[in-house]
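Two complexes are shown next, each including subunit A; its partner changes from subunit B in the first to subunit C in the second.
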Partner chain A sequence: MTLLGDVARWFADPAHYQGSDAVQTRVLEHLEVSGLAVLVGVLLALPVGLYLGHTGRFGFIAVNVANVGRAIPSLAAIALAIPIAGTLLGAANGLGFWPTFLALIPLAIPPVLTNAYVAVRGVDGDVTEAARGMGLGEAGILRRIELPLALPLILAGIRTAAVNVVATATLGALVAFGGLGRYIVDGLALQEYDRLFAGALLVALLAIAVEVAFGTFERAAVSPGIRVQQGAL
Partner chain B sequence: MEFRDVSKRYAGQLAVDQLSFKVPAGRICVLVGPSGSGKTTSLKMVNRLIEPTGGSILIDGRDVLREEPTALRRRIGYVIQQVGLFPHQTIAENVGTVPRLLGWPKERIAARTEQLLALVGLEPSRFALRYPAQLSGGERQRVGVARALAAEPPVMLMDEPFGAVDPIVRDRLQNEFLRIQRDQGTTVLFVTHDIDEAIKLGDRVAVMRGGKLVQYAPPAELLAHPVNAFVAEFVGSDRGLKRLVLLTVGGVDLDTTVARAAVSPNAPILSPASTLRDALVRMLASEAQVGIVVDRDRYLGVLTLSTIGRMIRDDT
Partner chain C sequence: MRCGPEGVSQLKRAIRVAIPFIVAALVASACGGTGTGGTKPAITIGSTNFSEQLVLGELYSQVLEANGYTVTRKFNLGAREIVFPALQSGQIDLEADYLATLLAFVDKTATGSTDPKQTLATLQKALTSKGVTVLDYAPAVDQNGFVVTKATADKLKLAKLSDLAPVGNQLVLGGPAECPNREFCAQGLKTKYGITFKDFKALDTGGPLTVQALVGGQIDVGLLFTSDATIAVRGFVLLDDDKQLQLSDNVAPVVRNDYLTKAGDDFRKTINTIAPKLTTAELTGMNKLVEVDKQDPKDVAKAWLKKQGLIK
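Let's look at the complex of A and B:
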């Protein structure tokens, strides 16, 4: 029980809210790299997933990308990202933000891609046939019919990606990035377990906060017509 | 609307074979036949959801294959059995789909939506802002018809639109559809596998089998003179009885030699507008063997069972 007390005292210490190692700074760093990685992942994966789902072809691409993405250990991805970032952006950027950012993008892609593909494929064929028969073009069908109907699953995919990325961004501390992983890695190295646990707790809380925020957004963004339908089933 | 030698071939298999027929403007043509007879394929070639392999389809003398598909479809109403309402849009938004695509001003779309909902028997103030999942099957089907009529299309395609609702609702929807169709003067191509529906709704009935047109005739003629054993079997051995649905009491020769006072008091009073089938049912139930035909207060004569029998015999 002394550990809990130590952790509480750690959080109460005003020194931990000052300077470059301040809690709020670390939280912002963590959110920044996670948010950017998810954003880029969504920009890459969502159009591809929507397109594949709409045409109904090349579904194996979506499935295989997802499987490969799940098979790569995050630690290995970060290790691989060091030389890649170094080569692409110069040796000065081989550590810190860039390798962390690059390693997190492939983590965000699989759930976004698979969910978008499955969601658009799953839209009732009668609905798209009626839309086509009334004179909506293919782009119109995708944007006005398939996208809104697939939205709940698409947002669930982005939420999964975001939670995974926020949790995994912790590893960025291993390649000299900041973020909340800093507390865990440093706490371990210095055998300051209050610091380590404070870091772990913050990461967990941040992941939960992201989950809750997305849940709220989903409820606001999804058409009431679809919620009624799901409620009726 | 005219089909000229229209064919559709799938990987060597002929789904529709040299189909040719004309639908006069403002009339309903029903394509009927067993499953796999090519009726739905034929329907979908009109709005180019399926492209014909050969031949041409003309609407108002214009070949649909020369038109841009989306523009063509916006001028053709389309109703399918599963309705395909957009679940994420309100009923009003669903109905306004084609007018929106055509860029109508908002006020005009709103006015048209309200008018259409009233036309199909859905109180606009109650239904406009609801979602499809909140409606019954029959109500959804009405919305489907309203949505297809939204931009006042000269032509409507209907693929088993009343196939998924129960018989009582279906009967009511059919009657309302006939009323609306007469009112709007829309030319309709209607697909069903139900011969009774075909006889009730069609001005012309096209019986199809294996992608070929077997007989194209008004329903009365189809029942009276089926061209071959397939059509005779398809319309049913009770086709004489079915014919009675198409004939009215006022359309047959009544016996005017009998004074009204001489007729049994049990005899049912019939109006000239009622169908011979309804008359027959009421006469059989009354045990009077005859029916008294009265137009408002004027006595026209009596209808006898033998007269009805003659109508059946004549036709078969």
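Let's look at the complex of A and C:
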């Protein structure tokens, strides 16, 4: 019980909301690196997934990218990213934001890629046949038929990527990045378990908040007719 | 396993086969572990998380192993905040520490001194309630050193720590996470030198992250240890501790009293063969081989012990 009391006291302490280690600063840093990594992941993976889904090629790879991607040891990826960031972007960027950001992108890509592929493949063949019969070009079919129908699953893939990235961005603290991982890493080094627990709790809450926010966005973005058709996803 | 008559004889056969293994396991577990070595009980040696500690840990481990002790190594556990409680709780029996810093850690009110003999006496008194003893200390000293790049030193005309006082609020300090809480680190820089930094970045314990952050400009002042060869190799400027914030941080092994009682004089004598031969120059030399030349601490320790005639 004392640990929970200590953690509650940690959150109640106004000193933890001031200075460079403030809770709000760390949350923003965390969201910034996560958001950018997911954005770049989506920009890279979504077009590829949509194209592969539409043409039906390399299906085996597209479907298994998600499985293989889950196996990426993120800690190793961040360690690898240090010399890569240092060489590509100069020694000043070899620690902190850039290695963290670069290492999180491969984590965001697999769910988006696989879901986009499966979603587009899953569009009823009769619908696309009919569209072709009406004279719609391939790009038109993708944009006006397949994409709207595939949207629920695509957004679910982005949601998964976002939650994974938010949870893993804590590793950035090991390479001098800020974010909520800072509380966990420093708490462990200093044996301050209230700080450690507070950091872990904040990450968990943030991940849940991201999940809920995306869920709400999906409900708003997907057309009601399609939502009814797909059922609960 | 099948049921029925054939199944029963299968089960009996399986049990008959398993019995010798079960007996062997019981015998092995009874004969292993601590205490049966007679006067040379098995020992667990721990270390904190920087490369010099790995070298020191290997020195103690190998000199004991060469004299018939069984050593379990538990290196790289974390900062002293983790290792010292592990020593107190019996998870490790021995660790290498530094007189003045350990004293500040166990007793924040005690005053260490620049005289190691005096610091040792104060430390031993402070440790009596903790159930551990400090054995012989070495001439080798390793203190917290605050370094800047040559470019920073030239730009701001920095040669000693007092020079940081007027410009501290423009500079970022980098070091291990526990630095803001330590008297010989950020805390002492503030109280003794009046230096308040613009920001603090938790990196690693005088290791490659700190070095890279200095080179890359993410920090202006970094904590490296005075016995670290990287300072000279990289051309960093070690700011002189003109107000004597750092005290006598001689290397000394710290061991649990119950192990000392069990092991007796032979252990004490064996461990104490290292101290007289371990000078700061020797220690820095070993650190260079590990940190700069990237050799294995095990090999470096073995070579040094052989050269000093402490093992064959």
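As a convention for this text, the second predicted complex is superposed on the first by the 224 of 233 C-alpha atoms of A that agree within 3 Å, B and C clash if a C-alpha of one lies under 4 Å from a C-alpha of the other, contacts with A are read in each partner's own complex, and residues count from 1 in each chain.
We take it that a residue touches a chain if its C-beta (ideal position, glycine included) is under 8 Å from a C-beta of that chain, and two chains touch if they have at least 3 such contacts.
What you see is a predicted model, and the numbers here were worked out from it, not measured in a lab.
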**OP:** Kindly say whether there is room for both subunit B and subunit C on subunit A in the superposition, answering fit or clash.
**Re:** fit
Original post:
After superposition on the shared chain, which partner residues are touched by A:I226: those of subunit B (first), subunit C (second), both, or neither?
Top reply: first
Original post:
Which partner, once the models are overlaid, touches more of subunit A's residues, subunit C or subunit B?
Top reply: B
**OP:** Could you look at A:L149 and tell me whether it touches subunit B, subunit C, both or neither (first, second, both, neither)?
**Re:** first
Original post:
Can A:G94 be said to touch subunit B (first), subunit C (second), both, or neither?
Top reply: second
Original post:
Does subunit B (first) or subunit C (second) touch A:D186, or do both, or does neither?
Top reply: second
**OP:** State whether A:L3 touches subunit B only (first), subunit C only (second), both chains, or neither.
**Re:** neither
**OP:** Check whether A:D126 is in contact with subunit B, with subunit C, with both or with neither, and answer first, second, both or neither.
**Re:** first
Original post:
Once the two structures are placed together by chain A, how many degrees is the angle at subunit A between subunit B and subunit C, based on Cα centres and rounded to a multiple of 10?
Top reply: 160
Original post:
In whole Å, how close do subunit B and subunit C get at the C-alpha level once superposed?
Top reply: 52
Subject >> Footprint overlap on subunit A, comparing subunit B with subunit C >> reply: none
Original post:
Which part of subunit C faces subunit A closely enough to touch in the complex?
Top reply: 78-79, 81-82, 85, 174, 176-178, 181, 199-203, 209, 212-213, 215-218
**OP:** Spell out the residues on subunit B that touch subunit A in their complex, using ranges where they run on.
**Re:** 47, 49, 69-74, 78, 80, 82-90, 97-98, 101, 131-134, 147-148, 157
Original post:
Can you list the residues on subunit A that touch subunit B in the complex?
Top reply: 124, 126-137, 140, 145, 148-149, 223-226, 228-229, 232
Subject >> Touch list for subunit A against partner subunit C, complex >> reply: 20, 82, 86, 90-96, 175-176, 182, 185-186, 188-191
